[in-house]
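You will see two complexes here that share subunit A, one where it goes with subunit B and one where it goes with subunit C.
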Partner chain A sequence: MGRTLTFKIFRYNPTKENDQPRIDTYEIEETKRLNVFTALNILRETQAPDLMFDFVCRAGICGSCSMMINGRPTLACRTLTSDLPDTIELYPLPFFKLLGDLSVDTGVWFHEMAEKVESWIHTQKEFDPTAEEERMDNATANKIYEAERCIECGCCLAGCATIQIYPDFLGATGLNRIGRFLIDPRDERGDQEWFELVSTDEGVFGCIGMMACDDVCPKDLPLLEVFSFIRRKLSGIALAKDK
Partner chain B sequence: MPLNTELYPEAESRHGRSSEAYRKAKKAIRNEWISGLTGAFLALFICGHLVIESSILFGKDVYQTIAHFMEHTVPMAQPLIFIITFVFFVHFVWASRKIPGKLHERKRMMELGLKLKKSKKQWNQDPKSDIKLRNHFETSLWIWQVRTGMIVLATGAFHLFLVMWNIFTDMGVKGQEIGLTAEVATNRVESGLWILYAILMLAVVAHMAIGVYRLIVKWLADTWFVRNYAKAFFYLLFWFYVILGAAAVIGLAGPWEGALS
Partner chain C sequence: MKVITTDVLVIGAGLAGERAAIASAEKDLDVIILSLVPPRRSHSAAAQGGMQASLGNSVKGKGDNPTIHWLDTVKGSDWGADQEVARIFADNAPISMREMAHFGVPWNRVEGGPRDVYIKGKKTTIVEDEAKEGLITARDFGGTAKWRTCYTADGTGHTVLYTMDNLVVQHGITVHDRMEAIRLIHKDGKCVGAVVRSLRDGEILAYMSKATVIATGGYGRIYGESTNAVINEGTGSWLALQTGVVPLANMEAVQFHPTGIVPTDILVTEGCRGDGGLLLDVDEYRFMPDYEPDKQELASRDVVSRRMKEHMLKGKGVQSPYGEHLWLDLRHLGEEHLTTKLREVYDICMYFIGVNPIKELIPVRPTQHYSMGGIRVNKDGHAYNMEGLFALGEVACWDMHGFNRLGGNSLAETVVAGMVVGEKIADYASKTKLLADVSLAENTVQIEKDKIANMLNNTNGENVYKLRDEISDLLIKNVHIFRTGEGLEKAVDGLRGIVKRTENVQVKTDAPGMNPELSQAIRIEGMAKQALLIAEGALRRTESRGAHTREDYPARDDANWLNRTLARWPESQENPVFTYEPVGVLDLPPGNRGYGGGQQIDMKESVEEYNTNVDSGQRAEGRIDPSEETGKRLPKEAWKEVK
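This part shows the complex of A and B:
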């Protein structure tokens, strides 16, 4: 008990005239089981009323409070200060549009990504609300569930060196989304459609394999497994087409 | 119910096999295969090469027996040197496409750099801070893979040329057997080339170990060969071959020659 934590926080409000990016320093007393999100709330209540950061759920489900904590993109609400040194440096996520201080706009990017990968079940079947639901085997359902756990926090993109240079790259979350629909038996998209969508330098072959997405994902999604699956699936499609 | 494609015009653009999109996708996967397969082939070759090279630790006679076998009894060295040289350059051309050196990539980096410069660095991290930002092991590994790749390109090309020369000539020494004999191999390293070989060995082993790690994670991460195993394998490969390679270079340079015999 009783550590004094020093927060060095990136401050900049692009909407304010003549505002300059700067690092402000704050100090607070550490309390038991304090997390960074709660600390930010304390700071806003007591020292910096204009500090901007995002949050909704406070429980690692909404993906809003992602930020760079000591150089690592992660969720503020799931980071205990007891795991951090006395000095805590907070920056907004790179790559996304800065709204102010620690708040970035992840929504626009995720919306565009969802449109690009057509993130919905493509089917020609007529929906019958009275019919019994179609069955799916348990293993597939579990895999889809795993991929669906993505909370769109954007940490994987902030950690990715590739996407900083190729802004069109789909990123780990985009590829994970593709993997989710690729294994869904209800999606009627054919091999060739998948092939054209993912077998590109914006898709899975833009990935250099630096694995930062896998290291920083706060939800521990099996990202590398999904990419391997996609790569081999595409290879299968490409080889089959050659015959 | 058919999809309402008015909202999403891309949703209906399903092309034939001759379409631009299909050709592009085909090219992307072919590029990935070529760089990956040539890399895997060269990695296998290096693993074998360094083990055979280390026979110098059992003395010149053992080394010479193996060299004679591979050059004269079963002449595999002669075609292999051309195959390796070819694959070496193919791997360079195809793997280097991942280095952000194209014009639009340089532009993007310039743009990022200018943005940082324009901000007058007022929000840069305190230089006295002991918190390491952007400290990610596998990302650093990639940067080292590029660096070692460049070193291998320069030193390895020289090595390949020299070996080609050695294999097909008697190096002007009358009465000497044509080929890369133990005498030639030790003489060239002793005469000062050990510097080049030490650099080449370190670079090639690091490049190979990192590349194998990446290949396994890229293609096999959803099998039993998960990332943790791949990383352990990376350390094993790296340290085993660095120690073996260092011993071989010291062996060829003189001091450790025949150390194990």
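This part shows the complex of A and C:
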């Protein structure tokens, strides 16, 4: 016998005059291997035609569908209802601008973060289409890939205590991005530039060390290591300056 | 009405659109990119396996060059490709890979010395050349003579898209995300922009531009069961079809990927088989070598999918509550390989179907994956019959893929076409004046506003989700891997009825904002009409070529069908119009692919005779003359030097 699931979903449409934030309740019969992606689509198609949420790849790759599921930020597409109790509470990710119901504006925040950390290779070299590529050892390529695996889902920010108090904080995802370019031999930014980027309260010293980011990251990025790597790197730069 | 003007309007922020946008930004043109979603969510990000380019750095790619890549591509296409476009692609692919390396993609690199790999089911030691240490490496993919697919683990689309979007940020290119183009603004065969609906607040506005570029990817979701992202509903190709004059080409050429997982239809990359994965049947017997002794699991996708289906029809499939499937076996590759080079695959299996591929078999079946067809463009990416309109990437039929594309060739196409076509777009926009005909824009906006009002006011109309499901049901049952005249007629009849019913859609909620049901309703006419083009194109094409397999016409018929299907839907006409044009200049004469079996009916005319009719045949269909003469980039008989 399948369970009857109760979905309690945060509803609010900011474009609708006089709309009030509320929790609406829906019921749905659980089927085998039901995930929250399928459940929400069934709800939209049969019970709540105006229900807003975001899915794109539905394969845990694109980072669109992060939301609070029973109090925890995670990807809805790969959350199986069988791992949850009979009552499932869905809220939009905190911190980001709410677009409606479960849909939040991650795109603008991440675009601004990319501008802030200048998330691109800084190099004086021009691309030469006739030349062989610059060599890189495979271990370095793998290390960069490991940091590049972030899917900008925003779960780390939703779980971050610092950023709720201090919204200019770059968050684990921003610092991870800096770490990605720090280890990239193609990036010619010098110690001073890195120092200025991460030595402020917006950067690595803003973190108060609760590390929920590391707990909730759906891609299991080694965020603890990223923070300590950047701190070590900064201390190194600072000590070298003192000499 | 809000009007936004720009030099270049790019619709779609996946790899193709972004690379093209950068080409224009580099020439100091004003560019705006529109996207249904934040750019990094685009479906390019989901591509896992890699990009083909003949760098030849891995020892198993030694001696590779663009000619061999081109040969594989033309054979893979079952001679349906434009051979010159395939050549432009193969020549530029190595440059694009190096360019992306320069921009920051962490391509996996050659590690000199011996390593163990699986080739054709056997563990083998290969020795990578120490002199190539640190250069971009490659893995094996289907239908290729060499190991040629460049990769970053199994997250290639992700890393390349992130790198590309970093460049977009660096160039300060304007991106308007959560915006959907719903109609082109055009007059007298010239496109001057698009009507756009905001998915944030529902506002309808007009963008006016010198050049308009469609790069919206595929339409896979029309099939329902598809590996594609949920946003891939053919919105871009519908923009072109809606003009009444721009043709969609080869819509019957639909790729089914051998390894969609069951259930959920999520893709696991061809890299699984490239790295040594095997296909097994209900008896855990490896069946592919029986059908394809030479290429085995790594024949082209059309062939592997067909063989899988054939094997299941012999009763060798595995029965499950989610339908019949076969197994993909990766167990022998080991934990280290599966949690590094195939980590996404590992995660997908664990999270979505609860299968641990280190210890267990993965249930797979052929699933709709890619559209070889699309908006017909010339070799510069310029749409037929519509000046100022360009298309590239999966949404376009540029046509390097013909009737079957090779794995790793489409992801590479996005960046190569972005570079090559992007340049042509910039050239065009640089010498064109902005035609800011605001009353034309207003009239076009009004058409859409009226349509939307009708759907919202309708109190006794069709349910859009029901229509969507009926469309996919007809395609899945009748326009899949094996097709028959009888089934296709059923699909065409059914779809004609559905097309009519899309005129009477009712949207239940008039909630302002993104209104997801309204968004679906706006797309449904395009989905129904494209489904009909797929089915009717398949019914009319009485041969089997590449991914288009007719059980009642099993031979590839070069005497009658060495051509490209063009389908237009003239405004206010009940039915589409089908015409045909030559595939392009032939250099490699039609022959045997070397895999897949199958019979051939030879051309009646000589290659020379065929080639003399290419220009006139394509011009007659509305091709705008490209910047260079036809065939200029196709070196004559270079393939004869390949051993």
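We adopt the following convention: the second predicted complex is superposed on the first by the 242 of 243 C-alpha atoms of A that agree within 3 Å, B and C clash if a C-alpha of one lies under 4 Å from a C-alpha of the other, contacts with A are read in each partner's own complex, and residues count from 1 in each chain.
Throughout what follows, a residue touches a chain if its C-beta (ideal position, glycine included) is under 8 Å from a C-beta of that chain, and two chains touch if they have at least 3 such contacts.
Since we're looking at a predicted model, the values are computed, not measured.
By the touch criterion stated above, A:Glu115 is placed in contact with subunit B and with subunit C alike. By the touch criterion defined above, A:Phe127 lies against subunit B and subunit C together after alignment on the C-alpha atoms of chain A. Within the superposed three-chain model, A:Met136 lies in touch with subunit C and out of touch with subunit B [touch as defined at top]. Once chain A of one complex is fitted onto chain A of the other, the partner contacts of A:Glu193 are limited to subunit B, with no touch recorded for subunit C.
By the document's definition of touching, of the two partners only subunit B reaches A:Tyr166; subunit C does not.
Comparing which residues of subunit A touch subunit B with which touch subunit C, the overlap comprises 115, 118, 127. Taken in their complex, subunit C has these residues touching subunit A: 37-43, 45-46, 95, 97-99, 101-104, 106-111, 133-137, 152-153, 155, 158-159, 162, 165-167, 169-170, 175, 177-178, 200-202, 229-231, 263-264, 266-267, 321, 340, 344, 347-348, 351-354, 465, 507-509, 511-517.
Partner subunit B is touched in their complex by these residues of subunit A: 8, 10-12, 20-23, 68, 70-71, 85, 87, 89, 91, 115-116, 118, 122, 124, 126-127, 159, 161, 164-167, 192-193, 195-196, 198-201, 203, 205, 207-212, 214-215, 222, 224-229, 231-232, 234-235, 238, 241. Taken in their complex, subunit A has these residues touching subunit C: 13-16, 32-33, 35, 44-45, 49-52, 54-64, 78, 99-100, 103, 106-108, 110-111, 114-115, 118-121, 123, 125, 127, 129, 131-138, 140-142, 144-145, 148-149, 151-152, 184, 186. Subunit B makes touch with subunit A in their complex at residues 1-3, 8, 10-11, 14-15, 17, 19, 21-22, 24-26, 28-33, 98, 100, 105, 108-109, 112, 119-120, 122-123, 125-126, 129-136, 138-139, 141-142, 214, 217-223, 226-227.
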